[in-house]
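Below: a set of structures, written as C-alpha cells.
Heads up, the next two complexes both have subunit A, just with different partners, subunit B and then subunit C.
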Partner chain A sequence: MYGDKALELIMELKRAAEGSLPAYNEDGVRQVLEEMSVLYDQNQADVLQEPSMTGGESLISAVQFRHTCLERNQRCLLAYLHNRMEMIKTMRWEFGSVLPPDIKNNMSEQESQWFNRYSKSLASYMRSLGEEGLDLTQDRKPPKNLFIQVRCLMDYGEFETEDGTLVVLKKNSQHFLLRSQCDLC
Partner chain B sequence: MSTPDESYEEQDEDSEEEEVEMTAAEALAKLEEAWLNEKFAPDLLESKSDLVDCMLEQINQMEENLRKCKKGDMRILIHRMEIDRIRFIISSYLRRRLEKIEMFHQEILHRDSLRKEDDPLLLSEEELRFAKDYADGVQSHFKSLVLTHLPQNFQKLDREKTAPKPDVDSYVFLKANRDQDQVLIEPELDDDPSAEVVDLVKDSQYIMRFRPLAPLVADGTVSLI
Partner chain C sequence: MLISDIRLQFYDKILNKRVLLLVSHDVDALCACKILQSLFHCDHIQYTIVAVTGKQDLERAYLEHSDQLEFVVLINCGANLDLLDLLQPEENVTFFVCDSHRPVHVHNVFNTNQIKLLVNSGDEFNFPAFEDVIHNEHSDDDDSGNESDEPSGKRRRFDEETLERKMEKRRKRREWHENKEKIMYEYEEFSYHGTAASLVMYDLAWKLSQDTNDLLWWAITALTNQLIAKKIDREKYVSDVTELNRHVSRHNHRGNEEENPLSVNSMKVSFVPELQLTLYKHWSLFESMKHSSYTACTLKLWTLKGQKKLHEFLADMGLPLTQSKQKFTAMDKDFKDNVKDWVETSAKKFGLENISVPSFQVQFGFKHKFCAFDVAFSVDSLLESVSNSKSAEERFMEALDCLSRKYISKLEDGVELCKQQMMGVVNQVQTLLDMKKVVSAGPFLYAFIPDGTPDSKFFSRPNCLMLLGRFLLEAYVKLYNRRRSRNLPLVVTAPFDTADGTSLVVGIPPLPELEQASRNFFGKAFEQAASKTGSRTLHDHFEPSVVVLKTEDRSKFFDALISLLQ
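On to the complex of A and B.
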C-alpha cells in the first residue's frame, strides 16, 4: 500500500529506546522517494492524457488520491528527519560536542554535518553570554547540596580546590567535594 | 559581606524611558518571575537579556568577593549556594528559551521580521543569530536529504502549513499581581457584546487560556505559576 514504507520509518523511530539513535535508514528513505516519483509520473501521465473534462471523472479521483499519498509521504519523510534531529540535539546536550562512536555510526553523513553545525552555533551562543560565557549544559538540575560524594575512577594526583586545599585523588577513593568543582573533572 | 547594589536600567511602564534603580534582590526577583513565566508560557516571551547580563555580572562580583573572604567562614558556603542557585535559574531560563526558539524557529523569525522599530525585543542579538543559523541548518539539511529528491512541486515547504507553532490556546495557571478589571477572555469576539469578561483580583489564582493573557504577562499584571 502507498504510504506504508513512510509509516515504517516513523514507527522505527518511535520504537527506538530512549537515549539511543537508530541507524539512518537510507534504504527506507530511498524506497519512499522512489514510490513518490512513480506516483508523480502516473499523475503527470493522467493529467496530460485527460486535459479536457470528457470522461475524466474516474481519473480525477485517482489523481487526487495519488496527490494525497505524495503529500503524506513528503510529510512522513520530513517528520523522520525532524525527529532524528531532535534526538541528535538531545545527544549534543548530553554528551557535548564529541559523540560516542556508536551514536556517530548511526548518523548519515549529512546528519553529522548538521550536528557539527548545530554544535558550533550552540557553542558560540553560550560563549556570548555574559563576559566569559555560560555553559548551559551544566546546572541541568536545581542545586540541592553544595557538596557531593565522588569516587575517583582513575588516579588523578593532587587536585587543588578553589580555597587552596590539596586533595589527593586516587583511584577508587571517595571524597566529599564541592559540586561546582567536580563538574570540571 | 553583602551583595553590592547594582543599578539596572529599565524602561518605565509609561514608556517615559525613566531609569529605575534596582537593588540586586529586586533584579533577582524579576529574573525569577521572568524564568517562571518563560517556563510555563507556551509561547516565547520578550527577551530579558539585560536582566540576565546584570545577574551574570552580579555572580562574578559575588565570586570575586568570596575570594577575598577568610577561609572557613560560614558565610562563604551560604553565598556559594546562592550563586549556584542563581546560575541554575539563569541557565534554566536560557535553556527554556532556546528550546522554544528551536521548536518554533520559522514562526519566531517570521514574527521578528515583522517587528517594528520600537516594539520590545523578542530575541536578544545572540538568540537571533542562533535562530537564524539554526533555521539555515535545518533548511539545508531537509534540502540535501529529501527535498531535492522530490518531484518538482513538492520541493518547497509552505511555512503557514508546515511550521510548528506555539499553542497559545493552551491553558495556564496564573496569579494576579494586582487588580485588573474587564479582562476579555475571548479576544476573537472583540465586538460581541456577550463576550465574557473577567475581573482579576490581586493575589487570586486562575486557570485560563494563554492567548488573552499574553499582554498581561508581558506587563507584569499576572505571573504564571
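On to the complex of A and C.
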C-alpha cells in the first residue's frame, strides 16, 4: 500500500524510548522517496496522455489519488525529520555541546552538521548575554521557593551568608537557608 | 513567663528573624517540629534544627549554634530546667519553651525577659507564689544601706534596738527559707506531663489559618503517643481528642460525597473508635493480641490458662484460627469488615471493657491507611531503633522524615521495627515472670535485666525500657493479684553501655497512679538517693525518672532508695 513505509518511519520514532534518539533510518527514507518518484512518474504519464482518448475522465480520480499519496508521504518525511531535529535540540540543552557517542552515532550526516551549527549559534548567543555571558542551560525552570532545606551530611564548619550571618553547618543539623546562597557552596 | 497570646508574643516576634530550634528526642517533639517547620516554610523564616538527647547535649548544641542568634525555640525540653543557669545566655537572647514536661522550673516561670513559655491556656500549673520562692535580694540591700547611712552616734544608742531588729530579720529569713523548702518540695515532688507540644503548635497554626490535614495528623500522632507512653491519663486524652475532632470534622467536611468526590490521593482523616491492639492492621490478629499489653495482661497470656483463654476468645468471636493467624490484610473480607465489632462484643465477656479507644485514622491513595496508634508506635520505634550503624541524630532525622507523606516507605520500615521491639518486650516479660525475677524490695518492686539477654539492646533505650516496665508491672499485678503489690511502683534496670559499665534505670509509678494522674515521683527520689550515697549517676535525660547509673554502684543506690521510700 502506498504510504505504509512513511507511516513506519513515524511509528519507529514514536516508539523510541524517551530521552534516546533512534538511528537515522536511511533505508526507510530512501524507499519512501523511491515510492514517491514512482507515483510522480505514473501521474506524469497519465496527465500527458491525450485528453481526447477514451476513458480520459476515469484517469482523473487515479491521478488525484496518487497526488494525495505523494502529499502524505511528503508530510510524513518532513514530520520525521522535524521531530528528530527537535529531539536533537532538547539534547543540546540537556547534555551540552558534546553529545554521548551512542547518540552521535545515530545521527545522519546532515543532522550532525545542523547540530554543530545550532550549538555554535546558541553558544555565541549565551556569550553575548550580560557581561561575562550566561549559561542558559542551567536552572531552566524558575525555583518554586526562594528558600531550601539543607541537611548536613558532614561537618563543614562555619558558613557565612551574604548578609553576614554565620551558620554552623554541623553534621546532622538541618537548616532552612536562601537557595541563592546555597548554590554557591 | 507564660505567654497568653501565642501569635502576638511568639510568632510575630520571630517573623523575619533567624531561629534556632532545639528539639528533644520524642514523638511529640518531632511532630511539633514538623508543624513549626511547615509554618516557617510558609513565612520564609530561616531556621536551624538541632536534635538534642539530654541536658549536656542541649548545652553543647546551644553553645555551638548560638552565634548571632537572638531567638531559640526549645521543643519538649528545658521547661523543668533552670535554663539561664544551664546555658548562661547573652542578655539579648530570648528562649521560647514549648514543653510538656511538668513541673516547670520556678526560675523559668518568673523570668519575664528571656524565657517565654508556650503552653495551652487550659492547663493548670499550681505555681507557688512569687514572694514565697524567689528571695528579693534587692529590698534587703536597701535596708542594710539605710542602716549604714545613720550617723554613728545615733547608732550606738540604738544598738540594742538594731540588734533586736537584726535577730528578728534573721529569724524571718530562716522561716522563709524553711517555708520555701516545703513549698518547693511539694511543687517538685511529682513529675508529670501537660498538653502535648504539638497541640500547642497546632493551635498556633490554626490561629494563623495555616492548618491543614497534614498538620492535624501530626498533632494527632503526638497526642496518641502521649497516651501510649502513659504521659497523660485517659481523661485528658479524651478531652484533647474531642478538641481535635472539631478540627478533623472541619477539615474533612465535604457535603454530599457523590456531588463533590475527593481525589483518592488526597489525605482524609476520620474519627473512629480504635481497638487497643498493637499494629493489628499490619500484623495478624493473633500475634497482635499476644503482643498488646492490654489483652496480654488481662488474659494473662504467659500462663497455659491464659493461652486457652485467648483461643476461647477467638472461638467466641467466631473467627477461625487460620484466619486469625493470617495477615490482617489477607483475611477474608467478611471477617475483616466485621472484626472490630466482634472483638468489641466478645471483649466485654472477657473483662476487656476498655479495648476500644476513640482515635483517628488517615487514608491517602488506595494503599495507605494508617491508624494513629500504629503511626505513633512506629515513629517511636524508628527513633529508638537499635541498629548499630546509626547515631542518635541520624535516627532523629529518619523519624522526622517518616512523618512526611513522601517517605511513607520509611514508616513501613518503622512498623516492622516496632513488631520486633514488641516481640522483644513480650519475651522479656515472659522470661522475667517465669524466672520470678520481679522482686519486692519492700516499698517498691524491682527487676534487673542482666547483661547478655538476647534483646537487651532494645532496652538500652529509655522509651522502650519504660514500655517494658509498664507492661511488666501490669502483668505482675494481674498475675499475683495481691492487694499489696497493686500499689507498689516498679524500678527496672537494663544495661546501657556495657563498655562503660553503665545501666539505665527507670521508675514506673504504681498502677493506680499511672492510670489516673500519670505522675511520677521517681525523679526526686533518684536524685536524693544518688546524692545521699554518692553514686555515680547521670541525670541527663529530660525525663527525670530516667537515670544512667554506674553498674557497680547499683546496690548502694538501691539501698538508699529503699530507705528513702519507706
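Going forward, the second predicted complex is superposed on the first by the 135 of 185 C-alpha atoms of A that agree within 3 Å, B and C clash if a C-alpha of one lies under 4 Å from a C-alpha of the other, contacts with A are read in each partner's own complex, and residues count from 1 in each chain.
What we mean here is this: contacts are C-beta pairs under 8 Å (C-beta built on N, C-alpha and C of every residue); 3 or more make two chains touch, one makes a residue touch a chain.
On a predicted model such as this, the values are computed, not experimentally measured, just so you know.
**Student:** Could you look at A:H175 and tell me whether it touches subunit B, subunit C, both or neither (first, second, both, neither)?
**Tutor:** Touch status of A:H175: second partner only.
**Student:** Tell me which partner A:L81 touches in the superposition: subunit B (first), subunit C (second), both or neither.
**Tutor:** In the superposed model, A:L81 contacts subunit B only, not subunit C.
**Student:** Is A:S128 touching anything from subunit B or subunit C once the two structures are fitted on A? First, second, both or neither.
**Tutor:** First partner only.
**Student:** Once the shared chain is lined up, is A:L136 touching subunit B (first), subunit C (second), both, or neither of them?
**Tutor:** A:L136 sits against subunit B, while subunit C stays out of touch.
**Student:** Who does A:R151 touch here: subunit B (first), subunit C (second), both, or neither?
**Tutor:** A:R151 sits against subunit C, while subunit B stays out of touch.
**Student:** Any idea whether subunit B or subunit C touches more of subunit A?
**Tutor:** Between subunit B and subunit C, the winner on subunit A residue contacts is B.
**Student:** In the superposed arrangement, which partner chain does A:L166 touch: subunit B (first), subunit C (second), both, or neither?
**Tutor:** Second partner only, subunit C.
**Student:** State whether A:D27 touches subunit B only (first), subunit C only (second), both chains, or neither.
**Tutor:** neither
**Student:** Jot down the residues of subunit A that show up as touching in both complexes, subunit B in one and subunit C in the other.
**Tutor:** On subunit A, the residues that contact subunit B in one structure and subunit C in the other are 146, 178.
**Student:** Please output the residues of subunit A touching subunit C within their complex, sorted ascending.
**Tutor:** 145-147, 151, 165-168, 170-178
**Student:** Can you list the subunit C residues touching subunit A in their complex?
**Tutor:** Answer in residue numbers: 18, 37, 40-41, 44-51, 64-65, 67-68, 391, 393-394, 396-397, 400.
**Student:** Which residues of subunit A touch subunit B once you look at their complex with the stated criterion?
**Tutor:** By the definition above, subunit A touches subunit B via 29, 33, 36-37, 40, 70-71, 74-75, 77-78, 81, 85, 89, 108, 110-111, 113-114, 117-118, 121-122, 124-125, 128-132, 134-136, 138-143, 146, 163-164, 178-180.
**Student:** Spell out the residues on subunit B that touch subunit A in their complex, using ranges where they run on.
**Tutor:** Where subunit B meets subunit A, its residues are 52-53, 56-57, 60, 71, 77, 80-81, 84-85, 87-88, 90-92, 94-95, 98, 102, 126-127, 129-130, 133-134, 137-138, 141-142, 144-146, 149-151, 154, 157, 162.
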